[in-house]
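Next up: some structures, all given as structure tokens.
Each of the two complexes below includes chain A, the first together with chain B, the second together with chain C.
Let's look at the complex of A and B:
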């Protein structure tokens, strides 16, 4: 009897512990920006999913490439068909850890600069990256943001010579997540 | 003994929990991904590369506020020989403007040098192929086209305007089977005009079949064939068979093709083609399409 009871208590404790430290959002905003002398292209995706474990610092992001919206319909089609190849590689993901998670106190308002290391997967290619990010705690809500650059060629995305001066090789990625507590 | 058991079980479970701590974010993430995927409709995009397969319409529509300037060229038949530089000495062309009124309704106007024809069409997308929250196996569009032959007639022949007007109604049923392959079937009704060709029956029924095969990211092989029902077909008219390659680069699409038809409007290439592939009455042609976004999406 006491065995069952102990098990029950143990499991309950674990369950609450797991849930208490998880944050998530289904509307993370990811945008990318390509700047050249001839044209600037900005695309937005506001349907990315992110999960953050505030205890362990594990952070994950996942998005559908088809959910990026461009100012021109033709750009959106070309992005999906010729560059990111959404049919073959429907998702882009990130899985990593916030290195200095220990300094964050969810109970206190504040802005924390942190370092995130992890694996970024775009176009079927996974690369390890380390990027600076900011975590803001405001009245118990948690939000995170980051901005960094990636090279298209690192992810096997080839920009044809004919559009070289219209599409940048160096793409700026901006991430904004407003988390909810699980 | 009992205590030891409890402790061991506890440690074992704790060990399990420790490994699962790294897994908990993954589990929640895949659960959230699943939830959003279930509520999402995935529409088939780019069943064909452009709004035309070769000469005929495809189920593709121009997006809203997009203007497409199309210039179509046909040279003469290869069978005309070296004197005509295998057809390249003769050329007919069509200049056209297409516009996306909504994402599912587009309109187009054009002028062809062949029989000095003016034409206009509308294209309505009725169904859109999709998976996910809504399953639809095919994309279906309806295309009414009207054309006017404005060629001057001999004074002795009096023609009314109504004798010069032809109309074509097409249903386009297409399915994108894979990223590489799409197929389209086009039941077609044609009401021919009275002056362009030697039609015995004014109403012609035809059924077309067209396909796209993607050779590489930016290069497609397209083919199109229209079969006219034998009892409505004009004497001397052949069924049109065309092959094309399209090459896309940014806002431009170049289409190169071989066909047995000279006409560039639906009525002429479906029901008034006299060239024969087996007599090498094959014409080389190319289309250039350039799209312009007239209003920004956001």
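Let's look at the complex of A and C:
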């Protein structure tokens, strides 16, 4: 009986320990920014799911392309119908690993610069990327941010010649995640 | 006579350019859909979540970008990075919510309240099976009706 009890306590402790490594958010903020001499375009999406295992460093992010909100209705319509083709490719995802996860101490307040390697899937095209990111630990809460550029043509997003002076080929993507402990 | 024809052609071309410019300007600056007054599909948070979480992407496409009015019980009220109010409605799945980003913040809404929220459905995102985390169904540009 005592062996069963010990095993139960051990399993409970292990489950708690495993869960303590897991963080998630269901309202991660993703924005992109296109700058040209004629026009700046910014769109925000605050409905992304991200999960992070702080022990292994694995990180995932998934969002619905239709959740990007633009200042103009026509921009939103063109983005969904002509560029990202949301009906055909409803989601964009990232799956990767924080390379230098070992230097993060979740028990200690601090800002950690890290490198994240992984696969970014946009418009049905997956590319391996490595981007710098920042992990901030503050009083037990964990947040992450990253900002990097992607080329539209790398993801088979064609910008028609007629609007190429209004939409940049080089798009800046910014990610902010405020995680909760699972 | 030739001079008159030339002037006539110039006036017509200028008028066509001006009309095209006005139409282009109006299309470019057309406002976003008025969600408050749009016709909505009426449902409950429990039913809507169950439908979207259990059907294929192809079938769920019929709900994407549709305006829905959803009745449900508030699980949590918070704010996102842009300062917009986010209201989670309870579903039949523990940890799975109807995740509503408000265009106009709801007043005095607290966990446990029964509400009707109207907004645009952006879809369902799966959670993480390894993490035992269910996904959410998302509504954006939401207003509280009741």
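One rule holds for everything that comes next: the second predicted complex is superposed on the first by the 168 of 182 C-alpha atoms of A that agree within 3 Å, B and C clash if a C-alpha of one lies under 4 Å from a C-alpha of the other, contacts with A are read in each partner's own complex, and residues count from 1 in each chain.
The working rule: contacts are C-beta pairs under 8 Å (C-beta built on N, C-alpha and C of every residue); 3 or more make two chains touch, one makes a residue touch a chain.
Quantities reported herein were computed from a predicted structural model and do not represent experimental measurements.
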Superposed partners chain B and chain C on chain A - clash or fit: clash
Contacts of A:175 with chain B and chain C, given as first, second, both or neither: neither
Contacts of A:66 with chain B and chain C, given as first, second, both or neither: both
Which superposed partner A:101 touches (first chain B, second chain C, both, neither): neither
Touching partner for A:29 - first (chain B), second (chain C), both, neither: second
Which of chain B and chain C A:49 touches, first, second, both or neither: both
Touching partner for A:160 - first (chain B), second (chain C), both, neither: first
Of chain B and chain C, the chain that contacts the larger number of chain A residues: B
Offending stretch of chain C which, after superposing on A, collides with chain B (from 4-12, 22-30 or 76-84): 22-30
Chain B and chain C contact sites that coincide on chain A, given as residue numbers: 22, 24, 26, 47, 49, 51, 60, 62, 66, 69, 72-74, 87, 182
Interfacial residue positions of chain B with respect to chain A in the complex: 2, 5-6, 9-10, 13-14, 17, 20-22, 24-26, 28-29, 32-33, 35-36, 42, 45-46, 63-64, 66, 179, 217-218, 248-251, 291, 293, 296-298
Complex contacts: residues of chain A adjacent to chain B: 2-3, 6-7, 10-11, 14, 18, 22, 24, 26, 47, 49-53, 55-56, 58-60, 62, 66, 69-74, 77-78, 80-82, 85, 87-88, 95, 160, 162-163, 166, 182
Chain A to chain C touching residues, read off their complex: 22, 24, 26-27, 29, 44, 46-49, 51, 60, 62-64, 66-67, 69, 72-74, 76, 86-87, 90-91, 176, 178, 182
Touching residues (chain side chain C, partner chain A) in the complex: 27-33, 57, 61, 64-65, 78, 80-82, 84, 86, 97, 99, 101, 122-123, 125-128, 131-133, 135-136, 138, 140-141
